[in-house]
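Same chain, two partners: chain A is paired with chain B first, then with chain C.
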Partner chain A sequence: MRTDTPTINRRSFIIGTAAVSGGLALGLRIPLGGEVAHAQDSAPEVTAWVVIRPDDTVVVRIARSEMGQGTLTGLAQMVAEELECDWAKVTTEYPTPGESVKRKRVWGDFSTGGSRGIRTSHDYVRKGGATARTMLIQAAADAWGVPASECKAANSVITHQPSGRTVTYGKVASAAAKLTPPADVVLKDPQDWKLIGKPLKRLDTINKLTGAQVYGADLKLPGMLNATIKDCPVFGGKVKSFETTKVQGMPGVRHVLQVGDSAVAVVADTWWQAKTALDALPVVWDEGPNAMVSSATIAELLQTGLGADQAFVANQNGDVKTAMAGATKQVDAVYAYPFLNHAPMEPMNATARYTAERCEVWTPTQNGEAAFAATMEASGLPADKCEVYKIHIGGGFGRRGAAHDYVTQAVLIAKQIPGTPVKLLWSREEDMTHGRYHPVTQCRLVGAFDASNNLTGLHMRISGQSILSAVRPEALQQGRDPLVFQGLNPSGEFALGYSVPNLLIDHAMRNTHVPPGFWRGVNINQNAIYLECFIDELAHAAGQDALEFRRKLMSKHPKHLAVLNAVAERAGWGTPAPQGVYRGLAQMMSFNSYVAACAEISVIDGNKVKVHRIVGATDPGYAVNPAQIERQIAGSFVYGLSALFMQECTVKDGRIVQENFHTFDSMRIAQMPKVESIIMPSGGFWGGIGEPTICVAAPAVLNAFFNATGRRIRSFPLKHHGIQLV
Partner chain B sequence: MEPCTSDDVVRLNRRAMLQRLGTTGVLVALWPARAWTMSEAVQQAMHQRIGTRTPQPHGMTLRLPPLAETGNSVPLTVAVDSAMTPDDHVLRIHVFVEGNPEPVAATYHLGRRAGKAVISTQMRLARSQTVLALAEMHDGSVRSVTADIVVTLGACVEES
Partner chain C sequence: MARLTINGKSTDLNVDPNTPLLWALREQAGLTGTKYGCGIAQCGACTVHVDGQAVRSCVLPVSGVEGKQVTTIEGLAAGGVLHKVQQAWLEHDVPQCGYCQAGMIMAVAALLRDKPQPTDADIDTTITNICRCGTFQQVREAIHAAARA
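This part shows the complex of A and B:
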């Protein structure tokens, strides 16, 4: 069955998608002297952030990437709030990284990750909107010959209050664009917000529902060929040889190419022809030294770290050794957490066209500038000869932020067929086996009690892989990877919520050949399980209620305690649960937000888990779009619980074993619990939304599982213990 | 200020150096009018190498990509406009990196047989920063050039 994909020529594609919200960037002319910058459709740019069309449509420029987390809409809300425009007429577009470089990064950082999209740009995007509003008002005032102070803007209309004269933004935009921007603007007081804080509908939903949204796989350029690729199945290995003659006569096959020193690609008329030929292509790999690595050898390596003398310390106070020596009772446990793949619904892809004069790339990416840097490096061309056009992402979760291997590959292929655009789309198997994996770790926790059952000491030793060592070694602090300790630090955006008289949290670094990356939540996923499940173990050993036990350690951590209390109260902790229903708690602070969860589950036949309800609370300081926050909370639980019950990536002969969703499953709608969200922004700081809540669902469910069955599970996923989600 | 030979530089300790310089503000004021203030670490490292001589921003180029995907290995080329003859040659090229734990990336000594005053290398850069290159000429004069680079943040890594 032929599916209909849009066939459009390049020029109309670029203009056409500009009308589709959040589509590709438009070419921009740079302002020189008094000349006004215009978007490609000639609408004037009031500031770099705001383009206003004669019909009063407002186009907000967004540097960050939308990947389902709602940041596109949230950022537009913030600009529109200060701009005082009609929200119904707001649309967005992505400036290109090439334009960003030319204009000295006027839109700031493009990187979308770390739950940073709103919290690190709210200030300057709001200022961008306020500046544009000020200029629009000034332009109207100038035209009327009245003081700007007598004019007020609301809903894209400027009113001269004494006379009642009005004019719409569209009519004064050109004049406003010629004015000098004010040096300083005053932002609204949060209590005056009309758009920020409202559960507005997202700007990108309609196109995703109607199928109008263009994704990387949908892209069609004139004369474009399709490619698929195989990189050496063992990480770090190389291509030795391949027999082009065996497949070059197959239908549609145009080129069989080596890409870099470790991959082979087939370029054909259609993707399926390329894939069929690549599967039939005999390739000899030089698998390299990592071909002997397996999950068993990795586990042995991690075990050596659990008791090792040398470790990097993140958080310590008092003297844990003495506390342990003098303990009346000790609790000791070892936990383990596996490799995970991001497994976004959309496999890695990039479309590239290379000539000696210009290299252009169209790709979904969480960081347009990083994709641009990868394009420059792979093409060898300078910045003014390169460009990247961002396409909406079909699932990022961190895979498309730090690594642009797919961009490098696409450019290296395009370089071998100059002038021809080529779309490189990975197969699912390639995507599953060539990810940037959630790192593998184990953890040994030891708790010490005195004779009165007070917790006197806690040692948490993490043994396992460092992401920064592989991805950003220049960010290591004298060899130490600070990200390992997310949620466990003495202070900062990832601060521990407990005070223990003698505490030591340290990390024995044990790196593997499997390339690590930032999986949604990064290290809070395992750190929350390790810590929150062990705190429950400690509470149980002391014969105390899990909530009471925690409260005693949290008097110095009021915001952590507030979200924990909120979920406990809403879930009815301390009051009897319905017959057969058991509860579990968890809390953690990460990405500057405080979150907690209480799960309610039933267990049938000792191993079938029904999660009825999860009450989740978050304090992110400010809540820009509460409806979106609720969805992110629920969505993060899907990601986190799917991992807990069903997912892991194992290693055999140096390769990743799981190649598709039959061995790397995820939850279904029928298994989804009811999610109740408590959004409790306490103000005064900005915390993230995309990741923090992902980490509390799993430990809450695990703690409930212990309460239901008396079984403490310390290694994951749960399917290995015969436990299913129903 | 009297000219300072490199021998003098070696003999002077830091305190004496700063006393000879007067306030550090002076050197910055002589810098070309661009929005960059040299860090103290780079200033000190620079004085240790060129003493009280004032670099002039001309006669050399620094090629650095405007963006790097990671700072792990960034290509850099410094080229000095010099015929490299006995009457006109470059003695040393210094590269300073204010955003790195160590402010000096490299010093290249060019001998008699170096036909061109061009060096190319790969550098590790900890974060976005301004890179400074100096060229010490045969006549004691010092030239300078700077270039900015943005090291893009991979997802989930905070700006350090």
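This part shows the complex of A and C:
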């Protein structure tokens, strides 16, 4: 146990307090000397997760990144629940990755993706709170000379029950911090939770309303220069030459730099000056062989996988071939899903300051440790000479998790201007054309029926990109990418909710030069459309109601069925919809949560779709903050339906065509359906929140569209079919 | 050099007159609450008020606002008291990542001044800002709440 004052870095301390106290002059208070400073007030760290100041303020350390999804508030609730502290006194701060390295990863994983923020850290963060509570009580008992067993803590106050004496946490925190922590602590029974499960307000709202919240793009450091960058428009291409002389005399321009072998940056006094000069800079690219690739050639490549003999198998039972051969009726369909950009509102950015002795990076990141690794690699400096300060994120959706290309670039720029902090901010155009795109896939589905219209066989062949083969090849399993099969596995956190006597789900990997990434929901997006629209096709072919058809296949999957039944019941499935309104269903298991949706739409003139209402249900096991879960459900529907109706990144001459929101549109408030959330935690497991529900909105709407029009759309976005969201 | 009134203060900005107001505010005036999202007036993250009208400052050269009154998100709360839109946003816990919300709030504040009791249809035609987090349900609720305040 540490007995000295906490070594939390001043930088992260300031971010933490700025988030609640409002308007601290962030830029002016960042030490540039490079040394790790102690917290200003030397407030005692009771455990790695809990710092308590003399005024009873509780600072909860949050290792995961807040990007709008509410994990910061949820994780604080988890710690505070066990700490028995006054919620009104809770604030938060981010520990830095450099501190984590020094302290042997005491805060565990920093990665904030895969809807894992709470579900993979709930145990140790609660123990961090419980351990602190135990030590605080012990410190009070020691001071009073009474047994700790006679003392109880509630609301940041410790009471010696026999005598009625009380003391607040702030008074005993210093003494508690010097105690040896208990070897083990017992966590509360969920039925005793007072904070977990409550729809508490977020802890990070006020500064977002006044302009005081500092995002990475807003960071200012003394003496800082501003940069913007242009990477080769063709992925894999290189810089051949550029004419510095054409722009070096432009206002504010300080440096024109090559960055790595594929990018050019202008560094200027202001970002607008850098952007103006970069736009005027003549650059000749060596585009390489990828310049021959287009959306059409990629589609052709994927088509070769649909009937290929070789494929990785994920889920198999019975004998699909025999079932197909003996079928009375077969249904066969091919679907396709496009590349998508994350397009978070805040473009990629990182600020770096490099000297031969130290490299520091300030960046909005979903994974501080990955940003730290990128900093080490690009700077060439060891861990003890690097530090990363996480800045509040203006939207992540997966773009800022696995790939830290923008950090690498910022460090490579700063390295060429030692001692000068440089903020690299991408233009929206750079952001759109240098993403880590939602992978492109196609899927052929074949279903077999017997003479009694029972589904006897299902073959689902996915063809297309593997994210892991590009991002984390060491995670492949003998060449197979397990993530491809999200929602389609025989068991686990992405389990298929149907039992079919003869089943085969397999993947013919077909990779392209367009770099794939984890886009909110990842592969569950297209898998839910493929599966849930095709199940509707099968129900239609069998002449059966879409809900009843599913129910027959779901008897061994009660949790999947429960959420489906819940949305069906709430939406009034089986009862007449209002005039002109049509319904569609979908369900999936996703990131260990069970999710379902029922959409209600009407279609005007055959092509204008009004989504009136979507009832969405989730069983995430435990619901830490229902208010934030509701917001994640509705928000995920916006993200998913924006893609379904409006978005595709197409490839021409090896590059992404869409450069901004005018060609890569996103839903507006006028298009927003009423979202009704059913949160039905059944307990005993921990499911994700931020991503799971995204996948059911699209197939529910598509199934409703078929019910309204008789048209089954199998490629996306819908705008390519002349269909608009109104 | 450009002289404009920002949040009630007459301000001289040492800036090329072709610079978009957004960047003059962020980089010369030091007001970073107004956000860059697209640079082509599509997303609305850069919305400010010029002489009371909501405008997208990323495509408006600073020369076009000389002598005019510019209000940014930092100037919306008068005398330290939150504007009723900010207050409603706080009560309805509207923002998620929050990056678009300054622009959203400025657009809504202008709407409510023009139409103190907006209908849903008024909201649909006037509030066209992009929010990738998808806060629209809370935005609509909070607009109606602010209208009642």
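Some observations on this one:
Keep in mind that, in the parts below, the second predicted complex is superposed on the first by the 687 of 726 C-alpha atoms of A that agree within 3 Å, B and C clash if a C-alpha of one lies under 4 Å from a C-alpha of the other, contacts with A are read in each partner's own complex, and residues count from 1 in each chain.
Throughout what follows, a residue touches a chain if its C-beta (ideal position, glycine included) is under 8 Å from a C-beta of that chain, and two chains touch if they have at least 3 such contacts.
All values reported here derive from a predicted model rather than from experimental measurement.
Upon superposition of the two complexes on chain A, no clash is found between chain B and chain C, which fit side by side.
By the touch criterion stated above, A:V675 is placed in contact with chain C alone, chain B being left untouched. In the superposition on chain A, A:T270 contacts chain C only, with no contact to chain B. Of the two partner chains placed by the overlay, neither chain B nor chain C lies in contact with A:T433. When both complexes are overlaid on chain A, the residue A:Q587 reaches neither chain B nor chain C.
Between chain B and chain C, the partner in contact with more residues of chain A is C.
Across the overlaid pair of complexes, the angle with its corner at the CA centre of chain A and arms to chain B and chain C is 140°, in steps of 10. Legend: residue contacts after superposition of the two complexes on their common chain; A:Y215 is shown touching chain C, with no touch to chain B. In the superposition on chain A, contact of A:V522 is made with chain B only, not with chain C. With chain A used as the common frame, the shortest Cα distance separating chain B from chain C works out to 18 Å. The contact surfaces that chain B and chain C form on chain A in the two complexes overlap at residues 396.
Against chain C, in their complex, chain A makes its touches with residues 67-70, 201-202, 204-215, 217-218, 220, 226, 251, 270-272, 343-347, 392-397, 425, 427-428, 627, 631, 634-639, 642, 660-662, 666-670, 672, 674-675.
Of all the residues in chain B, the ones that touch chain A in their complex are 65-72, 124-127, 150, 152-158, 160. Taken in their complex, chain A has these residues touching chain B: 97, 101, 105, 109-114, 116, 366-367, 369-370, 372-374, 376-377, 382-383, 396, 398, 400-404, 468, 471-475, 483, 493, 518, 522, 691.
For chain C in complex with chain A, the touching residues are 16, 19-20, 23, 26-28, 30-40, 42-43, 45, 72-74, 76-77, 82, 86, 89-90, 93-102, 105, 123-125, 127-140.
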